[in-house]
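Just so it is clear, A, B, C, D, E and F label the chains in written order, and each chain counts residues from 1 on its own.
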Amino acid sequence: MIVTVSRRAHFNAAHRLYRKDWSDEQNLEVFGKCSNPNYHGHNYELVVSVTGRIDKETGYVIDLRILKNIIREEVEEPFDHKNLNLEVEQFKDLNPTAENIVVVIYNKLKARLDSRLDLEVTLYETQRNFVTYSGQ
Amino acid sequence: MIVTVSRRAHFNAAHRLYRKDWSDEQNLEVFGKCSNPNYHGHNYELVVSVTGRIDKETGYVIDLRILKNIIREEVEEPFDHKNLNLEVEQFKDLNPTAENIVVVIYNKLKARLDSRLDLEVTLYETQRNFVTYSGQ
Amino acid sequence: MIVTVSRRAHFNAAHRLYRKDWSDEQNLEVFGKCSNPNYHGHNYELVVSVTGRIDKETGYVIDLRILKNIIREEVEEPFDHKNLNLEVEQFKDLNPTAENIVVVIYNKLKARLDSRLDLEVTLYETQRNFVTYSGQ
Amino acid sequence: MIVTVSRRAHFNAAHRLYRKDWSDEQNLEVFGKCSNPNYHGHNYELVVSVTGRIDKETGYVIDLRILKNIIREEVEEPFDHKNLNLEVEQFKDLNPTAENIVVVIYNKLKARLDSRLDLEVTLYETQRNFVTYSGQ
Amino acid sequence: MIVTVSRRAHFNAAHRLYRKDWSDEQNLEVFGKCSNPNYHGHNYELVVSVTGRIDKETGYVIDLRILKNIIREEVEEPFDHKNLNLEVEQFKDLNPTAENIVVVIYNKLKARLDSRLDLEVTLYETQRNFVTYSGQ
Amino acid sequence: MIVTVSRRAHFNAAHRLYRKDWSDEQNLEVFGKCSNPNYHGHNYELVVSVTGRIDKETGYVIDLRILKNIIREEVEEPFDHKNLNLEVEQFKDLNPTAENIVVVIYNKLKARLDSRLDLEVTLYETQRNFVTYSGQ
């Protein structure tokens, strides 16, 4: 029996939608107020969903304490209370749109999970805007 | 990389579950108190999910300001603070069940989106009852 | 020890902000789209808060099964799936603004409670708009 | 047109993660504080999603009053305010992990639905931990 | 300037509404299914609100890291994943109704706070039932 | 009859807990990771509650469209997608703790309201941390 197990997490961060190779004017034209050079920020909410077979022995697909630790090490510790553009390696040359952030998070978590498990990540930038990536 | 981008919206409307070709008694028998001839209403919540490739240039699947405008023009303006049965063209001869409303909204939004984008719409009639349609 | 016990409830209804003694134009000018003559509607959420001493015997301020029944009889049954203007006695000559609705609900519930209990009622018209009345 | 109709429900229960054929020490080692021999508990939230064709006559995929009754009979009545390990037949020899509970609920509901309808069940053990099963 | 600072916390526990000096029948008559001898449980949510003057130096009423630690030590560690009746000292001879639990939590937290700070505690037993105590 | 009318609003901003007259080390010691010199950010949620008599004519305490406009002009436009420390006048020499932000917002809104109306503002920095000020 194949079940999806989901865990919610969160981090607070500053960011700016911005391409280094564009002028501030070009960035403003395309990204609007999200391109404010002084940054703005969000309470990012995360749903990490892992799909796999139920282990007959334990009744678990994955021990949530293990998943919680992986999320803390790969997402919460490096991203929480940080400026994504300036302080998170992966966004030094990548525009931190919600789409790009969710792909970065997916790749970091996927590398830590057993290859038999499928992964989907949903990232809420606000309660009204959110993105989902499952590795396709 | 294929990502789903979702946007939440809402509208408040009155409606009545009702078929013109049935008597009030028949309508009451099948639709219960939802068929009250004097109408009742809901705070409808909407999640519009658009799936497509991340644009390398912008890091967006779709600019959410564009999606927000399409939702406002196609759903919020024509439906908000309206009587769905009496004032919304599409329900003049179509019973406004949640299922029929979500299909109408899907079709209106789909016609406005780039054909390379997939669409899914979830409509919450209440926090406990909701429907999802993705064009199948 | 004086504790406040709260219970959440809900009803779905149609209404129109409207004074009979004003023309439709006057109603429209003051109440905007909330005055649509064909009605609109809401999922009303209710928080009923009762304050009193903890009964030493039971550890209850009030048995929530009793409070739940009073709310059902006084609010849910007469208001749910109704048109407030046309079908609820109290609004035949009273404009069903959130303020007026919460006062009506307060008065109906207060009459059913032990006079030693204080009452406060919060009514959510939407998640963004709500009103509170405590009998002052 | 194929639409998914979802209904939310809930029950409050005590449980313990525990295998009878293991010692308390083994159970504690694998299941941590979730294996407390005196039990702990949750407000379980349930989303039951039924997928099928819209009935042309009624505009319904399924009458939600029928679905609500099935959920009440199969889940709420047998599980609410119960000790899952001691009082629910299905967990007498099955460890009541969220994964195993969602599969049991899925099977009970599936047996009551028209075979042309697809089913998915999501079970929230807490707001941060939840599982989904769709019969695969 | 006097500001109220609130912090949300939670714990999952089993309990039974029950008086030792009553028979199971009497307990069942007064407390209904909440008196199940095998226990049931809840995800308890807590809002701890501390009121006092803003410190001119720091701009804080209270450092939330300190408040968070006090809540963890006084509530989360002793109550989480526990059977309130059997394992929490304060309920050995006190019926763990929501009213009694919120008073116990208030008293534990109040003893740890600077006497110039006022305290109010709200305890959610479910999303629909909650209680508030402020020391009166 | 005196009723409280509440309206929810929100803004997304970057900030840093920081006193100019302290070194980065002192700021870090007192404010921890909230003092990151590169800023972090939040989705701030706001509940603005206005208390006054129901106007007999309209059934309103205050027209919510007017309140909504005041909130937009005084809070959303000057704060949304901004860096509070660098771009909002009031925090040039005031540490933007939640406590200080809520007092600033209260004062800006109070100046715009009829003096017969009482005001209370609640500011959510995250879903777990929030502050309330009512002018005392």
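Rule of thumb we're sticking to: contacts are C-beta pairs under 8 Å (C-beta built on N, C-alpha and C of every residue); 3 or more make two chains touch, one makes a residue touch a chain.
Keep in mind that what you see is a predicted model, and the values were worked out from it rather than measured.
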Item checked: Chains touching both chain A and chain E -> D, F
Item checked: Numbering shared by both copies at the chain D-chain A contact, with half separating same from different -> different
Note to self: Taking the mean of the CA coordinates per chain, how far is chain C from chain F in Å?
What the structure shows: 29
Next item on the list: Let me have the rounded angstrom distance from the C-alpha centre of chain D over to the C-alpha centre of chain F, please.
Entry: 42
Next item on the list: For chain B, write out the residues touching at least two other chains, lowest number first.
Entry: 127
Checklist line | Complete list of chain pairs which touch one another | finding: A-B, A-D, A-F, B-C, B-D, C-E, C-F, D-E, E-F
Next item on the list: Would you mind writing out the residues of chain F in touch with chain A in their complex?
Entry: 10, 12-15, 33-34, 36, 38-43, 80-83, 86-87, 126-127
Check: Taking the complex as given, what residues does chain C use to touch chain E?
Finding: 1-9, 49, 54, 58-61, 64-65
Item checked: In the complex with chain B, residue positions of chain A that touch it -> 17, 30-32, 94-100, 102-103, 127-133, 136
